[in-house]
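Letters A, B, C and D mark the chains in the order given here, with residues in each chain numbered from 1 onward.
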Amino acid sequence: MAVYAPGRDASRLAYYGLFALQHRGQESAGIAAWDGRSVNVKKSPGLVSQVFSEADIEGLAGGLAIGHNRYSTTGSSNARNAQPFLIDSRHGPIALAHNGNIVNAGDIRRRLLDRGVGLTSASDTELMIMDLAGRGEDDWVSRIRAAMNSWVGAFSFVTLTPEGIFAARDSWGLRPLAYGVTAEKAFVIASETCALATLGCREIHEIAAGQIVSCDAEGRVSVTGPGEGAAPRKHASCVFEFVYFSRPDSVWNGHSVHEVRRRFGEELARRSPAEADLVIPVPDSSISAAIGYSGASGVPYGEAFVKNRYIGRTFIEPTTALRKRGVSLKFNVLHDSVKGKRIVVIDDSIVRGNTIRPLVALLKNAGAKEVHVRVASPPVRHPCMMGVDMGQRSELVANVMPVADMAKWSGADSLAYLSLESVGRALGGIDDYCAACFSGDYPFDVEMAEAKERFEF
Amino acid sequence: MAVYAPGRDASRLAYYGLFALQHRGQESAGIAAWDGRSVNVKKSPGLVSQVFSEADIEGLAGGLAIGHNRYSTTGSSNARNAQPFLIDSRHGPIALAHNGNIVNAGDIRRRLLDRGVGLTSASDTELMIMDLAGRGEDDWVSRIRAAMNSWVGAFSFVTLTPEGIFAARDSWGLRPLAYGVTAEKAFVIASETCALATLGCREIHEIAAGQIVSCDAEGRVSVTGPGEGAAPRKHASCVFEFVYFSRPDSVWNGHSVHEVRRRFGEELARRSPAEADLVIPVPDSSISAAIGYSGASGVPYGEAFVKNRYIGRTFIEPTTALRKRGVSLKFNVLHDSVKGKRIVVIDDSIVRGNTIRPLVALLKNAGAKEVHVRVASPPVRHPCMMGVDMGQRSELVANVMPVADMAKWSGADSLAYLSLESVGRALGGIDDYCAACFSGDYPFDVEMAEAKERFEF
Amino acid sequence: MAVYAPGRDASRLAYYGLFALQHRGQESAGIAAWDGRSVNVKKSPGLVSQVFSEADIEGLAGGLAIGHNRYSTTGSSNARNAQPFLIDSRHGPIALAHNGNIVNAGDIRRRLLDRGVGLTSASDTELMIMDLAGRGEDDWVSRIRAAMNSWVGAFSFVTLTPEGIFAARDSWGLRPLAYGVTAEKAFVIASETCALATLGCREIHEIAAGQIVSCDAEGRVSVTGPGEGAAPRKHASCVFEFVYFSRPDSVWNGHSVHEVRRRFGEELARRSPAEADLVIPVPDSSISAAIGYSGASGVPYGEAFVKNRYIGRTFIEPTTALRKRGVSLKFNVLHDSVKGKRIVVIDDSIVRGNTIRPLVALLKNAGAKEVHVRVASPPVRHPCMMGVDMGQRSELVANVMPVADMAKWSGADSLAYLSLESVGRALGGIDDYCAACFSGDYPFDVEMAEAKERFEF
Amino acid sequence: MAVYAPGRDASRLAYYGLFALQHRGQESAGIAAWDGRSVNVKKSPGLVSQVFSEADIEGLAGGLAIGHNRYSTTGSSNARNAQPFLIDSRHGPIALAHNGNIVNAGDIRRRLLDRGVGLTSASDTELMIMDLAGRGEDDWVSRIRAAMNSWVGAFSFVTLTPEGIFAARDSWGLRPLAYGVTAEKAFVIASETCALATLGCREIHEIAAGQIVSCDAEGRVSVTGPGEGAAPRKHASCVFEFVYFSRPDSVWNGHSVHEVRRRFGEELARRSPAEADLVIPVPDSSISAAIGYSGASGVPYGEAFVKNRYIGRTFIEPTTALRKRGVSLKFNVLHDSVKGKRIVVIDDSIVRGNTIRPLVALLKNAGAKEVHVRVASPPVRHPCMMGVDMGQRSELVANVMPVADMAKWSGADSLAYLSLESVGRALGGIDDYCAACFSGDYPFDVEMAEAKERFEF
C-alpha cells in the first residue's frame, strides 16, 4: 500500500492499512518512508504486529510511505525477499512493493544481468525495481509505462521516490489495487478497498487495468487517462479473489465480495439443493456463501464448527499418530447443534483436499444423520501462475479423482460444486475474469510461466 | 490442565490442550512435567505458540504433566508470575497451576510469612503451593483437603508431584474443571471440556465442587466420593462463563455453552422483540445468541461486521486523533448488507462500554435505517472478585447511567438487556450460580475481596 | 557488591563495580535496588555488558543497591540460579547475593523444608535468604549473626533491605570482602579491592572474618567490634586468590596480589633456577610472577605468546581433528622472540593440565632450544570445597603422575613447582590461610562437603 | 579471508581464521560458502562468537568459503553494510569481502548508476562487486585486473565464485593480505599472517601489491607473475599496521610486527632516554615497544596498569560527573609497583589524546615520583583516507598544540615522540610505505578522498 499524508504520519497510516491487509500475506512486513532527506525502510519476517514497534514507526517519519505484507508462493521465506525493496539509482532513491507474479521474469532477469546488473534475490520485485532504475525516460510515469509494457504477468505495485508515490496495475487487471482520500486529505492506495475503509477513506476508486496513479510530495494526485497508461490487454481479473482471497468487506471489480459470495451460495442452493435441517459454513471464508445458501433454500443457518484462532506459523503440527488418536485442533464441533440432523456444510473451495474430510468425520462422529458438502466454487484443477499458491497440478485433488467419486472420498452423503456458469451468473459475465484455476484457460503462455518456477537463486 | 499419558508424551498433549484453552489467558504459558527423575518446567510470557518450541516439548518428557495459560486480572504481566510454580518441599517437588482468585490471600500470606517462609511474587498460586509445602498430613489428598478448607475464593487447580497429578475445584464450584480419558487411556484434566474434546477424550466429566481427583504415575485414577473432598459450601458457579468466557463448544455445569447462549438469544427475542430486517452478531462471542434471536423471532440471520483477527497484544493503538479521523481497525462493516435495513445487533455483554458505540456508528454510517441493540446478558454493575477482569466499579457503564439512557448514549434506536430472570429460565434455575456481577450478591464477604486488590509486592 | 549512594545512583555505581569484578564470574549478572518503595531486581545469564541496558539501570533507581556476578562451580547455568535472590518476608523484602560455598547446605536444606518452606533452586543463596527470612531476632545484625553461626563454609555475602545494606564474611575468612568510601561519601562493599579503587574509593578496609558491616538508608555505617560478629573460628583465607583468582591490583589479607605473585616468581627463581635467555609468562595471570622471576634471576623478561582475547563462552570449540591439524586459537607464538633461545615459561598453576603441553609444543615448534616450565604454585591435588571449580580429584594432573614425570609429559626440558614453604615465605606465614587444594588440609570435615556435591534439584 | 579446503569444511576454517582477525573489526562478521550448488551467506552485526552458531557453520558447507570482520570507519553500523556481499550476475553468483577504502568511490558510483545499476548501500564493497558483475572480460582474473585498474585507494579483497576463490591487493600495497597452505593442503588467504599461523599454515607468503591469486574448486592455485596483475603504482604500504593495527605475531611487508615494535622501543630509548626506575607499557599494544625500550635502556620492565578486558561495544559509558568522581574503569594501577618511582610509560601512539592524560594522573595519584611519556610513533596530524578511523583533522591532538606543550598538557614530567627517521631506521627504509598520517604525504589526491567522506546514502 502507499500513503501521502499531510504532516509526517504517512507510515502510521500505512501501518494500520497493513493490518487490514494482513490476510493477504503473513510471511514478512515492511514500510519505506521519505522524510524529505532520505528514504528509510524497516522490514522483516513476521506479522505486522511483530515487525513494527512504536519506535520503528517514529523512525519512519515523513509525508510519503509505502508498505507491504509478503505472501510466499514458493516457500522461500527468506529475509532477503522481504519488501519494499530500496535502491539508490541515477534517478535517486526508489522503493517498490509488489503483489503478483511476473511470468516473463526469466527474460527480464537475463536482460538485466546482461546489462551488468547484479541481483541479490530470486524476487520479481528486485527485477522490477532494477528495470526501473535503468530506464532512460524523462519522468517516472514514462519510465513506469515503458517498463510495464515489457512485463508479462500479474503486478499491482507501488513505488516511492522523493518526487512522489506511484502505483499501477498490469493491463490484464489481474490483482486488485484501489485508492481513496480521507477527510483530512490523506491519499491512500491499497490492494483491497477494506484497507481504505479502515483508514476512513470516503471516495474510493479501483485503479483501472494498465492505469498509473501518482501523488507528489504536496499531495497533488494525477491519474493516466485512456491511452496514457500501459498498452491495453484483454482483461483477466482474478476470480479467486471472490472465492477466497479477498476480505468480504472489500469491493473487487465493482462487486462487493461478500455479496458475490452470498450469490455463489444462492446459486449453489438452486443448482444443488439438499433436504436438510441446517446449513453451516466452514469458518470463516464460507460464511457469506452459507448465508446465501440458507436464504435461497430456506434451510436455517447455524454454526457447528468452532475454529481455533491461535494456530499460526510457529505452531508445532501434531504427528500423524496424534492425529489418528483424535487430536483435532483447528476445528471442534458443537455436538448439540449437529446430533441427529441433516447438515449442509458449505466450503468456499477444495484445493488440496486436506480440510473437508476431517470436517465431515467430525460431523458424523457428533451424530449428524446426513452430511451434504456444497463447494462455493468450481473444481480447482490448474495451478495459478499469477500469485496464488495452489501447489502443483498433481496436488490438486480434483485432478486425482472424478467429482462423482468425491462424496465417497470425503465421507459425505453428497458433494456438489458450483459450476463455472453459476460463477458467471453471479458476476454478470465472466469474460473479463481469469478463471484459469478452474478452466485451464490462462491469459498467457503457460509454458513460460511454468518455466519460471524452476528458476532458483 | 493436567495429563497422564502412557509413554512419555504427557507434555505434548498438554501443549495441544493449552491451544484449545488459549482464549482463557494470553499473558503467559507454561508446562511442568515429571520425567521419573525430576520435574522440569518451561514457562514465559506470550502465547502458547510463542512460548514452546519442539525442543522445549522434547525437553519436557515424561508421563505426567501440568500446563497453564495465565490471564492477568491485575495488569502485572510479570515473568515472575508465570505458572506453573515449581518448588522443592519436604514432600518432594511440587508444581501447581491455578485458575481463579483467592479472596483471603492476605490472611494466608501473613500466616506463611509468620512461619518464616519467603515469597517471591504477589501471586495467589505461590501462596497455595507454599501452603501445601508446609502441610503435615500423610498423603496428598489429605494435604489438599486441609489446605482447601483454609482457602476462600475461586480456585480450580492442578498439582504435579512424583506421586501423580491432583486436581480440585473450590467448594463453591466457581470456575470450571473437567476430566476425560482418551482412546489410548491418557487421562486429561482441563479447565474447559473443549480441550478434552480437542484431545479426543470420550468420557468427559466435570469435577464436582470440592472434589479432589488424582491420577498416579501408572494411570490409576481416584476421585473423592461424597464427604471426602473439601468441606461443602453453597454452590455458586460463574454465570459469566456462559455469557462470554467459555468457548461455545464447552459444557459448563451440565449445559452446552452454545446452547445456553442460543437460549439467551431466544429469551431476548421474546422479551425484547424488534421490527427488523436482519439480526447480526458482534463477532465472535455473540454468534450463538444471534442465531437464537433469529430463530425465535423469524428475522433473518446475517453478518455485517468483519473482525480483524490480527490485532493482539503488541498492536500499537491508534491515537485519539486517528480514531476521530475514522481509523477503525477492529471491525469494518459490510455496507451492502446494512444499507437501508433495520438491524438488530446482538452483543454478549456490555462491561466498560467501549465497543458498542463505535459499532452502532459504523452501522448508521453504512446506511442502516434503524439499529436495535440487544444485549444477551443483564447489566454488569459489580466487579468480579473471582478472577474475571471487569475493571473497577466506576468503570462499569451500567453504573454511570440508567439503562433507559443507554439507547441514546449508544446511538441506537433501541437498546435492551436480557433480564436475570431470563438467564434463570435459560439455565433451568439460577440458585447454584454466582451472578454477582449482575446482582451484587457475592458468595463471600466483599470487603475482604476488595482489600486484597490493594495488596502489592 | 553493595552500594549506598547519596541520591538515586546506587545501581549505576554497582554496575561499574561489577565490571571490575567480572573476572570472578561470567555466568550471570544481577542488581537489586531499593527505591524507597519497593525492591527491584534485574538479573539474567550473561556478562554485565550483556545483561544491563541504560533503561535497566534507570529502572533500578535508589540509594541502596547490591549486585552480583555468578561463577558456576557445578555447571548448572540456570537462569533460576542467577543472583541476587529477592523475597518478601515477615521482616519485609530481602535481597541477597553470595560468593562462596556452604558446606552444610544439606543440613540447612532439611531444616528449612521441615519448617514448611518450599525451595525453587539448588542454590546455597536461596537457603541463606530463606534462613534469614525465618529468623526471629529483633534486628538484622542479630538475625545475620545467628544465621552465620549455623552455617559452615565460605560465605561472603551482601543483603539489601529497606533498612539498609548488610555485609559479612564467614568466620574462617575464606573469601575476600572489603569496603570503602568515595569522595562523595558513597559507601561501597565489594569482593575485591580493585572494584573499590575503580569506583574511586579512598579509605579501603577488608572486612574481618566473622565481621558484620551495615549501612542504613541515610548512609550511617556501623561495623561489629571484637566479639560482636559471628562466633570466631580458626582463620583460613584462600591462598588460591593469590595464585590465580584475584585481579593483580587487589589487596587480599593485607597483601598486594601483584606483589605476592612477584614474590612467588622470586622464590621460584631462587629455588628452581634455570640457565636461560628469556623469561616469558603465560598471559595474563602469570605476568607478575614472570616479572619476579626475571628480576631475581637476571634473565631478561619478554613476551612470546599472543593470547586471543575474543574467545568466550559462545565459542565453537575446534574438533580434535582440527586441533591435531594445528589449529591453535587461544595462543600464538612470536617466532622471532623464541627461535634458538632457552626459554623459562612461567605458569601460575597447573590444575587439569590442559594448557601447558600445547604451549610447550608451540615454543618447541617455533625453534626454542630449551623450554623450562616453572609453576608459581605447589601441585594442586585436592578439589576445592569452598567455591573454586577445580574439578574432581581424578581430573587433577598432579594426582595422575609424580612431579618427576611431568617434565617429560609436558614436553619441557625441565619442570618445577613452587613449594608450599615458598608460598609461606612469600606471605610471611601460611597459618591463617586455607591451602587445602595443595595440602589436603581442609578447614572442615571433607565428607560433609563432598556429600553436598551429590545433591541435585 | 578465503579458504579452499578439501572436503566440506572451508567455512569452519574461515570461522577460526576470523577469530584470529577479530582485532581488525568488531562491527559485523560474515561468511559465504559455495556448496557446489549455490552460494550461501550468513552475516550480521556482532563479534564472530556472537554471529555464528554451530548450525550456521554446518549450513555453510562446501570446499570454498570467504569471510570478513567489518571495521567501521564511518559509524554507520548498518546491517546492510555487513560483508561479504553476494549477488547473482551474468557470470553466475559472486561473493566479495573487502578491507580498505576506495578513494574514487564517487566516480565508480556515478559510472554504475549511469549504467542502470541500483545500489542498496553506501558501501565500497557493493561498488566493487557490481563493477565486477558488469565486466565483459572472458575470465575472472581479467575482469579483476580491469576493475582494479579503475579503482583508486586501498583494497585488499577476496572473491568467491563457483569457479574458485580470488584475492588481490591494490597496486599501492596499502593493506596486508597473505596466503598459506596447511599440512592437509587447505589453501588459506587472510589479512594477517597471524590467522594463517593460527590455522596451522606452514608456507606463508604475502601477496604482492597488484598481484591476483586464484584457487579453483579442486585446490589448484595460480598467482599472477610480474606484469600480469594490476598496473603497477608506487608502493605505499601502511606504516600504522606496525604502530597499532596488526597483531604482534603477524608479519607485515616481510617484518615481524613484534620485532618492529621492539625496535621502535629501542629507537625511543636511544633518542629520548629518561632517568627512571621502571618502564611500563600501556597494555596491550605497547608491550613490545616497552620491552624494546627496557632492553635498550637497561631500565627494568614492569607492569603497572591492569586493563579491564570486559569493556566492549555495549558498555554504558560513565557520565562526565562519574568520571570526575574518579570512576576509572578501563585501567587501574598497581600502587606498590609505582609508589615513589620514576616511571617511563610507553604508548604506541597518541591520536585523539583521550587515553594518556588519565593514565598519567593514575600514576601520579598512586605516588609515582616522575612520569615520562614515550610515544612509539610520530605525532599523528593527518586523517587516514585508506581505511583507519583516526577522526577528523581537528580531532587530532597533535594539531591542537605543539609537541613542546604536550608534556604539561598530559601531566607528565616529560613527553617525547618517535621521529619519522627512527621509524625509517627500524624498517630499513620508509620509501615503500604510506606514512601519510604522520607526514601528510598521501599516495593519492587528498581532495578526492575527503570528498568521499561527505557522500551519504
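We adopt the following convention: contacts are C-beta pairs under 8 Å (C-beta built on N, C-alpha and C of every residue); 3 or more make two chains touch, one makes a residue touch a chain.
Bear in mind that the values here come from a model prediction, so they are computed numbers and not experimental data.
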If we look at chain B and chain C, which chains touch each of them? none
Using C-alpha centroids, which chain lies at the maximum separation from chain B? D
Across the interfaces A-D and C-D, which one involves more C-beta pairs in contact? C-D
Could you work out how far the Cα centre of chain A sits from that of chain C, in whole Å? 62
Centre-to-centre distance between chain D and chain C (centres being mean Cα positions), rounded to whole Å: 36
Separation of the C-alpha centres, chain A versus chain D, in whole Å, is 51
Where does chain A touch two or more other chains at once, residue-wise? none
Among line, ring, star, complete and other, which one matches the pattern of chain touches? ring
Dump the list of chain pairs that touch, please. A-B, A-D, B-C, C-D
Under the touch definition given earlier, write down the residues of chain D that touch chain C in their complex. 12-13, 15-16, 19-20, 22-23, 47-50, 52-54, 57, 182-184, 194, 197-200, 247-249, 256, 258-259, 284, 287-288, 291, 294-295, 300-303, 306, 308-312, 314-316, 318, 322, 325-329, 332-337
In the complex of these two chains, what residues of chain A are touching chain D? 38, 86-90, 94, 113-120, 129-130, 133-135, 456-457
